[in-house]
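Okay, got some structures for you below.
Paired with chain B in one complex and with chain C in the other, chain A is shared by the two complexes that follow.
Now for the complex of A and B:
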């Protein structure tokens, strides 16, 4: 798997939000701590090369519990995508500001 | 991971769980009990997480700034866990229970300390594929050299790693069975041992990896039924289970605590004792002040 897989999966998201109510990390009440927000973070990083410390924290605090996948009408492998994206971030394959990664390195 | 586990604990501290076991453990055979060392690591994990939870979001956290959050966890692991003596590790009993259950059901298995290793699942979770592959290759080569044909795993994370990830990342070609599957299979042949009804029912907290990745959902329920326990489902159970927050205790113990609090409230609503089958869930709930039983305690009482 690779960034190609990640982009293919996240591009299928229609942002319906059905996934959100089951996400245990959404107790923080900010969107990037939920599945839909995580997909948005990944899309933004891949297409616009932009991310913030908080949005990256959202990716690293994903429990990969897979509760969201059951809710997703498109069966997007959200947890797999997040984990794969962490791998790409660590390899330096994503062109974003290194400073936003300092907390999770 | 020179020590082979995320906390840098010397391996021999974790593999001595069988000390004081009344039965003999075989060392010649082709079915291996592979504990994955996760149960044994729980007291160490709890201690490090408690320490980092106190520091999180305080001024002291800045002094740790040179470490990233995940590596901070591993850096303090060995240091803080030095004074937990092997004979005082309460989680050794849970592994002992499992060994006694398997042997009383006449399931043949062997145990060899040198073959029992941490699965490397945290490396995979944090997205370090290269290190995970390296570690998995080392572990699987050891098993193959020892001519192991089948491994019995005892926790969801190790089962997922060995059953799903190892064949994908390495040449691993060994049958992996979870102890719950094998216990149920063997209980079926047994007459309903000690099947007197227990007055109290239990609530099951399904670990995410069993429920959604490995589909081990009915097995624990059937086992409990056979040994005389009624179970009560809570709001989010079976495939719809809600996570305990444990997987991010290394990244943010405070956040992990918030998630656990919500799940604890759901579990408490049943008014029955909660039972689970994952060391990460048990450890995290205990850190957050909620005592939860491991299914092996109940099975042991029910069949031995």
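Now for the complex of A and C:
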């Protein structure tokens, strides 16, 4: 899997929110701890080079359990995308602010 | 209590970023005093997640606040009224009209007000907080053999508060109606200097309390008051549902079947239509298996298990009489699931996403779902109208909807980054709104007006010679929200 694939997948998200109710880490409260938020966080990072420590934090709470994928009308491979994006961050392949990434690396 | 010692207003007159930062900082400080520091979010990217919706529009939020009870809401409203800060109430932001998009104000999220407070089978109601998801409520009610029948497609994510404010409907609308029919009473906070809490309606099945303010709030899209608690009517869940799917050469033939069902005094819980393009591409692209071809009608009729065969036979005969080219049926919902009878209907939305992403690759694909209602007898004409408009503007249009109540949801997909295509999409929707009004329809059945259909609402009222109604609506808004701080510039 490549970052091109990740971008193609996250670009398909229509923000419908159908994925959220099954996410064990959303804990119902804040959107960045759920699949819809994570997809958008990756989209912000890859399309606009935008990320914050808090938004990235949401990506690292994903259990990659895949519960969301069954719910997604677009069949976006959410868990795989999150896993690949985290790997890319670690490898320094994503162009975002170093300060944001200090904890990740 | 509201921290009176915090001075906010003095900074607001300046637009310079320095003073703006101080202004926002002070709002946040005041809000944290009310709801606690963990209940206010300010991270810019997290705010962006609360500033988007499923139709591709986005705005800007100053912060997101998570009240935990009606006292919190009342105090927040008091603060915002005093300081002229806009409030944008938000459920799960699954709406499709732009009603939840914030513009330079605070987003009020109800995800921490998610309790089912009371279930009363004998008196026939439940009392819930606005952040409860419809699906969760039905999960709990199923233990009692009861249900809350309003079932929008987003029901697993959609919240009660959002559904009330949207005036949501769903698949079972023809039999069970929309939210308007199921809200008995509401507790709301109104945007005045005290953040006054009002109890409107009651938890009784009947209530005449002067002008019906409960039903004014239902469908008001968060523009008049903030719902803090709802008393909802509930109903016994059906024992069994017979499902019949049939395929027709034309929408007119499908319409014949719908007419005959009505003449035979049947009132199906579900009557769904999808056009021949959805059927063809659903089979090709997302591999839904059925031998049927053409336009599809799915009918779900409630009936006791012992009468299921008779009921199915009656429906099958109706379909045959309407020249159905292929018919299948199941005597129960579980059999329908096993046979995959409803899979093509379920493929409606995923198919559009799938086709859109195939067409636009890495561009952000936007699936636009229209929502209008026509007299049931005008459905074939409505299908023709949207298909013709699609051809004119170069869009493939997928059509489906809840035809038992005349509600269609034509769908197109566009590339958000392609300005020309987005403009064409707008023209396409304006044209079909105009023509739908001409054949006696209405521009929104269950998604609401929000930001997207304000022009459509004006158009509809103008065409009916009722522009004055819009003035009355504006006056109503002013009475409830004199400073226009509650979800401003939506609906009217």
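The working rule: the second predicted complex is superposed on the first by the 104 of 105 C-alpha atoms of A that agree within 3 Å, B and C clash if a C-alpha of one lies under 4 Å from a C-alpha of the other, contacts with A are read in each partner's own complex, and residues count from 1 in each chain.
We adopt the following convention: contacts are C-beta pairs under 8 Å (C-beta built on N, C-alpha and C of every residue); 3 or more make two chains touch, one makes a residue touch a chain.
Model, not experiment: these values are computed from the prediction.
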item	value
Partner chain in contact with A:75 - chain B first, chain C second, else both or neither	second
Partner chain in contact with A:2 - chain B first, chain C second, else both or neither	neither
Contacts of A:61 with chain B and chain C, given as first, second, both or neither	first
Residues of chain A contacting chain B in one complex and chain C in the other	28
Chain A residues touching chain B - in the complex, by the definition given at the top	22, 24-25, 27-28, 60-67, 69-70, 83-90, 102-105
Chain A-touching residues of chain C, taken from the complex the two chains share	41, 43-46, 48-50, 52-54, 56, 64, 66, 92-94, 111-112, 114, 131, 133, 135-136, 154, 156-157, 349-350, 353-354, 356-357, 360-367
Chain A-facing residues of chain B, complex	68-71, 124-129, 208, 212-213, 236, 239-243, 245, 247-248, 251-252, 255, 258-259, 262-263
Of all residues in chain A, those that touch chain C in their complex	4, 7-8, 11-12, 14-18, 20-21, 28-32, 36-37, 40-41, 43-44, 50-52, 54-55, 71, 73-75
